[in-house]
């Protein structure tokens, strides 16, 4: 479903990703691991076509993702519909004036009837356990609440791939456990889950595969999640634990 | 819940969302300009000297340019400026930008030119070109905070300089936030959006609320660190070879003006 | 005092937000009316001034000499007109509708009045600055051309953008945290009168003394008004660091600008001709 061939990305001449290649199949659940500044967030941004690699190819469902293909509005909208992104900083992801509108944003744009929109929103609110927040203004919510809303509003447009950038950051243990269950549930329902994370304790059994970035922005390991996580010598040598 | 477990068969309709790409582009430009401007480091010893003389040169050039009514003076100054850009600054973007502006000014003046006002129109276009080049020379060779500090020599109160410096910082922080939100809006714009103005206004509104929080936080942080309302900026000025060079240039520009510019 | 920095940064950034206009182009608000309503006219005056100074110096559009005029129009005239208008229309009523209407009108009218001032400043230049043969030295267009050329686009387009942004952002903040909106208490702060007096004196002086070119005058106003320079071009240098060209082919956009530029010229030209023939027939 996702094919990355030899991509490199530079910020102003500074390498953030150095010649990586990955294949991801539908329904996988993948953890992206690596020390700070190794290029995880940059990689996720490339997956979402927010930035484009300086060299190499990104192929999604058999179609090349390039600046010019994304310039075609219909194509780009279709692409963004299929892949949802939960930002590292959920603060900047919310821009509507109520939680309900925020979640309804995607479905409404898809031209669903207001009844279907309502059904989807209510399902999402229930799934994330935020029914009480329905009429609140997102700006005033707490960090954990915002994160739940951010995830709900990505889910409501029913993407096939869900990309999350360190979703567990700054959450309390109970919420972390809740998100763990949620990720498992989503993956079981057929969604492809790709997630950058440092919180190994709380994501047990969520991922089947781990991709490890090194501090010089390359992939140094691509293996079963459990194998990687139990290889403490490897993790220690690469500044991950 | 069943909808979440099956794939939507969805084909988007057409809806103009080019403005989003444009906004994202503008904000990334602001961010990178500030990063570049604040972190400028000069290897060239002429340009790494104290910017005071360059600042005075800039101001005098601009004022004399706009006062002058003689095409020879304006043209000569422009040539000198272009020479500076090519020889010292070595940045073709400056010329390109100034050229663009000058062309647009020319377009604006076409009706007047057709009415017979040719020479004055040309002078105006040349002036615009020179002004833009000279400002860009300063901002592309001098760290921005140093430019702000130069104001101290013109008796601008320290507190005002403090405000200006922080404004740059806040522009940077706030544009990062807005940049991300605009990206999120773009990613989630998967169909027809009938509330573009409302969404954009909420982003602006959020930016305002965040500004308010930031200013309060900064105020508390300042109080905690014992800020008393006095703020002193220390800058010393040593006269160097480079300053001599710029001082000479200032004199040259004035001589030109009084011999052929008036 | 941190509030001033943040207010200035906010005011700078509002001007950077491009909103879609019918026909595929974009336009932006000045934001002075909004800030005046949110923070009070004095804070707005200072904030917008700093924002304009920073824009002119660092974001390279050469408007340094126009700062005097620009601040007068956009940092003084506009916020005060907006503030008084808003409070005048709103009165003491608590009605939401009336408040929002007031915000819209404040934005729409204050921008047009600022545009009118700019047009007058342009328009008096040919009277004040002439060469030996009587040809205008700076802005060549008289009041009779400058006013319609400025006001028509503002009344038809830019004013609505300003009005909508003012009312929508005001509405959002009013809904989110109504307590932080300026209640008019700081309206009576005396120390600011000094600064204001200085501005009132300095701005027109700077404006007449410098008497620069037309390209500089409405650093923001005039170019934006006829839809002239795309912002991407306006930010001349392209360091291209954060985003590798996001919008690669904006051909339709460029075409839009050319069309609006051409229509701008035609507008000026027609006004010119019209006035000339009018004069001739009256002679």
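In order of appearance the chains are A, B and C, and numbering begins at 1 in each one.
FYI, a contact is a pair of C-beta atoms (placed from the backbone, for glycine too) under 8 Å apart; a residue touches a chain by one contact, two chains touch by 3 or more.
Quantities reported herein were computed from a predicted structural model and do not represent experimental measurements.
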Viewed as a graph of touching chains, is the assembly arranged as a line, ring, star, complete set, or other? complete
Which pair wins on C-beta contacts, B-C or A-B? B-C
So which chain ends up in the middle if you average the CA atoms? B
Chain-centre distance (mean CA atoms) for chain A and chain C, in whole Å, is 41
Approximate Å spacing (C-alpha centroids) for the pair chain B, chain C: 18
Rounded to the nearest Å, the gap between Cα centres of chain A and chain B is 36
Residue list for chain C, restricted to those that touch at least two other chains: 172, 176-177, 239, 241-243, 246-247
Touching two or more other chains, which residues of chain B qualify? 16-18, 32, 178, 198, 202-203, 209
Touching at least two other chains at once: which residues of chain A meet that condition? 12, 97, 139
Residue ranges of chain A in contact with chain B within the complex: 12, 48, 50, 73-74, 77-78, 80-81, 84-85, 87, 89, 91-97, 105-106, 108-111, 119-120, 123, 127, 139, 153-155, 157-158, 160, 189-190
Once bound in the complex, which stretches of chain B touch chain C? 16-19, 21-33, 35-37, 62-63, 66, 69, 91, 93-94, 96-98, 100-102, 104-105, 107-112, 114-117, 119-121, 123-125, 127-128, 131-132, 135-136, 139-140, 144, 147, 159, 162-164, 166-171, 173-175, 178, 196-198, 200-205, 207-209, 211-212, 214-216, 218-219, 222
Would you mind writing out the residues of chain C in touch with chain B in their complex? 1-10, 12-14, 16-20, 24, 26, 38, 50-51, 53-54, 56-62, 64-65, 131, 135-138, 140-141, 164-165, 168-169, 171-173, 176-177, 180, 210-216, 222-223, 228-229, 231-233, 235-243, 246-247, 250, 252-253, 261, 264-265, 268-269, 272
Spell out the part of chain A that touches chain C in their complex, as residue ranges. 11-12, 51-52, 54, 67-68, 71, 97, 137, 139-140
Within their complex, state which residues of chain C touch chain A. 172, 175-177, 239, 241-249
